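Listed below are the structures to be examined.
What follows is chain A paired twice: with chain B in the first complex and chain C in the second.
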Partner chain A sequence: MLNVNSHKQIRGIEMENSPKNSRRDFIKKGTRLSLLLTLGAVGGIAAKHLTGEKYVWQIDPFKCTQCGRCATSCVMSPSAVKCIHAYDLCGYCDLCGGYLKPDANQRSTAAENQLCPTAAIQRKYIEEPYFEYVIDESLCIGCAKCVKGCTSFGNGSLHLQIIQNRCLNCNECSIARLCPSEAISRVKASNPYKVKGSFTKEGKS
Partner chain B sequence: MDKWIKIALIFTLLIFSLEGFAQKQRFPKPEFGTGYSQPTPVTPEPRALALEYTDVIVLLIVLSLSSWIAIKDRSRKKMLWLSVFTLLYFGFYRDGCICAIGSVQNVALTIFDPGYAISITTLLFFLLPLIFTLYFGRTFCAGACPLGAIQDLLIVKPLSLPEWLRKTLGILPYLYLALAVLFAATGTDFIICRYDPFVGIFRMDAAFHMVIIGIAFLLMGMFVARPYCRFLCPYGVLLNWMSKFSKWHLAITPAACIQCKLCSDSCPFDAIDYPTDEKQVKQRIWGVNRFLVYAVLIPLWIIIGGYAGSKAHVWISKANPKVYLAELLISKPEVRLDEKNLDVQAFLSSGKSMEMLVDEASVIRRKFYFGGWIAGGFMGLVIGMTLLNQIIFRTKKDYQPNKGNCYSCVRCVTYCPVKN
Partner chain C sequence: MKNKGITLFLIILAVIIVTSVTFDYYFSKPDELPENPYALNINLLEKIDNSKILYTESRNFGLNFTEPSGICFSEGQFFIVGDQKMQIIDTFGKLKGEFKFDQKPTCVYVSTQNIFVGFRKSVSVLNREGLKMNEWNSFSDSSVITSLAEKSGILFVADAGKRIIRKFSLAGNPLGVIEGKTGNDQIHGFIIPSPYFDIAFNEDGELWVVNPGKHALENYTVSGDLRTWWKATSVRIEGFSGCCNPAHFAFLPDGSFVTSEKGTVRIKVYKPSGEFLGVVAAPSRFKENSAAPDLATDNEGNIYALDMDKKMIRQFVKKEK
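For the complex of A and B:
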C-alpha cells in the first residue's frame, strides 16, 4: 500500500526539456507508430476476407435432423426458429403426419390428436379430401415435432427456418454451436431464407 | 464407341435422377376444383445493411464525443449522459450485439479461417476504438462501451483494492483473451459472447445461469467498481496497450498539480498513480539487480507457459464439438446405441465415416497444439512482464491517471480545485 501522507515532493529533478524527456517522447512516439502499424496490419489481413455483404444465420432444411434443440438453445425464448410451410410441396393430406399424432384416434382438430404442443398448426377444410395446414407463428416454438412427422410420413413441406426479424443475429449462433447435424450456417442477408421449394437440394448453391 | 457409352450412361443417370426427384413428393399437390388460393410462407427480411452502417456512424460519433469530453470539455455530467445513451442504444436497443469486445473473435477467426468473411461493420467495431484509444486514451470504455456503462452507472460505494490483488486479478483478462483467440481461431466457440454477463440483461432474456452471473457482477460492481472491465475484459488488454502510448490523455488537473491530494480517493478503479515515495527511491539500488534477474527470467516464463499450454491442448481441445464427439466414439463405442445422444445419432445418420471424423478432429487438435504453445507462451510473457513491472521504478511528480488503466470517466477532474 502506498502511504499518501509520507510522500516527498521531488519536483525539479527532471527539467521539462531534458534529453531524458525527449528520449522518452521519442520512444513513445515510435511505439505509438508501431502500434498503429500493427493495427493496420491486422486490419489489412482481416480485410483480405472483408465482405460488404451482411450475413445472417439460416437452417438448411435438408441437413436438419429435427433434434429439437432449436426450441431450447436459442438465446431468445421462444426461439427465433419457427416452422415454415412450403405450400408448394404440401399434399394437403387428410391424414397429416405433421398435424396428427401417430396414435391419434380420429382425424380431427381435437387437442388430444394434435402433434404440436402449442396447437400452432391450424387445420382447415378446403375440399374433399383436402385440408390446408397453416402455422400460427405467434404460437410456434420451433420444436420441430411437426417437421419430423411431415418429413417421416409426408412430403416434408413443413420445415424449420430462422425468422429473420426475430433473430438477434448473434455473433455466434448459440443453436449453430449445438446443432448435431451442422445445419445452421451464415448466409447472405440478401437471400436470407432456405425455404424448401424455392431452395431445392438440387438447386442449392 | 467409348463416347456413346458415356452419353448413354449420362442419359440413364439423368432419367433416374429425374425419377428420383419426382418420387420425392410422396403425395403430389392436388388440383383444387374450388377457387383455393395458396398462401405464401411469410419470410420477414433481416435488419437492413444500412442500419448496420448507422451503428458504425453512431459508434464514431460517440467515440468522438467521448474523446472530446475527456480531453477538452472535462465534464463528468456530459460523460455520464453519454454513457446513458450508449447503454440505451448499444445495450438495450441493439441488444448488445455487435460489440467491440466480441469482435476480437471475428478478427481472429477471419485471420485463421479463410472461409470466414468478416463484415466491414465488425472490422470497424474492432479497429475504431483501438485507434481512438491510441490517440485519446480509453475514452471508449468511458462513453462508448455498453458493458462499461451499465457497470459504471451502478457504482455505489467503491472499495479500494490492495495492489497485489489488483495485479494478480489483472492477469485474468490476458488469459481470457488468449483462450478467446484460441477458441475463435480454431473455429470452436466464441466464448466472449457466450459468457458475456450483461448481454442477457440488455436482452431481458438469457439462460438462467447467465442471468445469475450478470446480476452477481452488477451487485459486486456496486462495491468493486467495474469488475468485468478490470478483471475480465479481453478487449481491455488491447485498449490498455494502446492507451499506455496514447498521444493525448485525460489529465486530472488543467494546469499544474498543487499536490492537494483531493483527487487521491476519487478514482473508483484505483487508476490514479501517486507521486513517488522517497522510500521507493532508496530501494532503487536493489531494484537494478532484481530487474536484471527478472528480465532474464522472462524467456524461461515463456517456455514454461508454452510447454504448459501445449500439454493442456488435449484437454482444452475437448471444447471443440468434433474433437469431443470423436473422442467419445472411440473411448465409449457403446454410446452408438444410445438413442438419446443426439450428437452421436446425428453423426451416425449423416453417413460420414468414422475415419473422416477422426481426420477432422485430429486436424483441429493439431491446431490446438500449436495454439496451446502460442497462448501458453503469451501467458508466460504476461506473467514475466507483470513481475518485472512490479520492480520497475518510475519517478512520478504529481497525481496522474495511470494511462493504461484509466477509463477516462472524468470523475477525478471534479475533485481538482485548480481551475484553468
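For the complex of A and C:
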C-alpha cells in the first residue's frame, strides 16, 4: 500500500522521465507562446494605427440642442468648438435671430444689440434688405447662443462644429461626456466635419 | 502587524476611490450641472399670457401620412396632400377618398369645380371626383411651388424658387407673373429665404400674398399692382420674427388673418387691417422647432391646423366669453 508521499514520488519520477511533459519545458513553451502572442498583438495594433482609419470627435448639428456646455466643458480654453455658418442655408435676414438679442432696441451693430458675448459675428450690409453674417473663429467661444437664436427664429444656418486643428482629440471627450443630447461622437478622420448643407438630417453627406 | 497596516491602507484607498467615482457619477450628469452662463433662454418669449389666447383646441383628426404637406377645407371636407397621395376626409374624420401621385405634392387648392394639386415644379388639375384632367409642367428647374389660389378663372401659383406668382388660365395658358415690385427701379420684390410663400383670396376677392422676408402681408390686384400691405416685425407675440414668417396664412369669414409661424411655432389672428388680435395656439402646443402648420378655416370661423410633426389636423374654436 502506497502512502501520499510515495505517490508524489512516483509522479515526479514519471514526469522527469518524460521529456515532452516536463514542467520546465511547459513553462518555456508557455513563455515563448505568450511572448509571440503579445508581439503579434502589439504588431497588429501598430499596423492598424499605421494603415487603419483614424477617428476624431465631431458634433451632429441636427442632434445639438445648443445647451452651451461646449463653451465650458472643453479642456481647451477657449473651446475647440466653434460656430460655423452654412451660407447656402442662410436667409441673409435683417432681423437675424442669431445676431440680435431677442429684445434688441434696433437692428444695428451696437454692442447692446448683439447676442454674441464675444462679438464674434460680423454683420455686413449686402443690399437692401440683405445682410451677411461672418463668424470670426478666433473670437468664437462655442457658446451656441447664436445657434440657438438662428435655430429658433431662422433657417438654422449657424451651427457648431469641433475644429479639428484646435481639438486635442482626447481619448474621452469631456464635452461628449456631458452633452445632454449625445450629439458628439467619433467620426472618421477622413471626413471629420458634419457641416449643414452637405451633411443632411438623415446623416448623408 | 505589517499585513494589517497594508490591509487598512488598501481599504481606506478603496473607500476614497468608490466615493470619488460615486460623487463624479452623480454630480457630473448634464441635469445636475450648475446653470450655464452662456445658455440662451427663449422660454420667456414662448410664454403667452392666457388672456391673449382666444381659441381653444376642440378636437383632432389623426392622419395616415408620413409627411403631410398641405391642407384645404372645402364644402365640409378636408383635402390633405403629402407623401405621394391626397386624402379627402369629412368633418367626422372618415376617409372619403384617396388619390395616388408619382411624386410628393406640396400644396392643394380646391375650387367649386376643380382640385389643384401643386408639386415642386408642376401642377395637376383634377375634377372633384379626383380624375386627372390636366397637368402643367412649364415651370423652371429652380421652381418650388408652395401655394395655389384661384379666382375668376385664373389660377395663381406661388413659386418660392423663382420668387414670383405665376398666373394661368384654367386651360393652362400662362397669363403673366407678379413679381411684387412696386416700381421698375426696385431691386427686390418678394423676399423668400426658405420655401414658405403663401397666397390666398379673402371673402372680398382680394389677393393677399405673404412677403415672408419682410414679415409683411401684401395685397395685389390681379394684374400685379400693390394696393396695400401691413407688416409686423418683432420677436414678441404681436409680430413675426426670423427669416421667413408668417409661413402660412388663411382668412376667417370676417376677413381677419390667421397666421402660422415656423421656428417658434405659433398661430395667431390679426384684424383685416393688420392689428394683432390674439393667439390661437401658443408655442407650448407644438414640438420645439417643428414645422409651421398649414392652415384652413371654415365658414363658422373654426381654424384647422395641419400639424406636420404630430401628423394630425387640429381644430381650434373661439373661446366663449
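Quick notes on this structure:
Simple rule for what comes next: the second predicted complex is superposed on the first by the 151 of 205 C-alpha atoms of A that agree within 3 Å, B and C clash if a C-alpha of one lies under 4 Å from a C-alpha of the other, contacts with A are read in each partner's own complex, and residues count from 1 in each chain.
Throughout what follows, a contact is a pair of C-beta atoms (placed from the backbone, for glycine too) under 8 Å apart; a residue touches a chain by one contact, two chains touch by 3 or more.
Computed from a prediction, not measured in an experiment: that's the story for all the values here.
Touch criterion met: A:Glu172 reaches chain B, while chain C stays clear of it. When chain A is checked against chain B and against chain C, the one touching more of its residues turns out to be B. Of the two partner chains, chain C is the only one touched by A:Ala71; chain B is not.
In the overlay built on the shared chain, the residue A:Leu139 is in contact with neither chain B nor chain C. After overlaying the two complexes on the shared chain, residue contacts for A:Ala46 are found with chain B alone; chain C is out of touch. Within the superposed three-chain model, A:Gly91 lies in touch with chain B and with chain C [touch as defined at top]. Once the two complexes are laid over each other on the shared chain, residue contacts for A:Glu127 go to chain B and to chain C alike.
With the contact threshold set out at the top, residues 67-69, 90-93, 127, 154-156, 177-178, 180 of chain A are in contact with chain B in one structure and with chain C in the other. Chain A makes touch with chain C in their complex at residues 66-69, 71-72, 90-93, 95-97, 102-103, 115, 117, 127-129, 141, 143-145, 148-149, 151-156, 177-180. Those residues of chain A lying in contact with chain B across their complex are 1-4, 6-11, 13-14, 28, 31-32, 35-36, 39, 42-43, 45-56, 65, 67-69, 75-77, 84-93, 126-127, 130, 132, 134, 137, 154-156, 161, 163-172, 174, 177-178, 180-181, 189, 192-193, 195, 202.
Looking at the complex, you find that chain B touches chain A at residues 21, 24-30, 32-34, 36, 38-47, 49, 52, 95, 97-98, 102-103, 105-107, 110-111, 114, 116-121, 123, 126-127, 130-131, 134, 162-163, 189-190, 193-194, 203, 205-207, 241-242, 245-247, 259, 261, 264, 274-279, 281, 321, 342-343, 345-347, 349-350, 395, 397. Interface residues of chain C, counted against chain A in their complex, comprise 28-31, 33, 36-40, 42, 45, 187-188, 191, 193-194, 213-215, 233, 235, 241-244, 263-264, 289.
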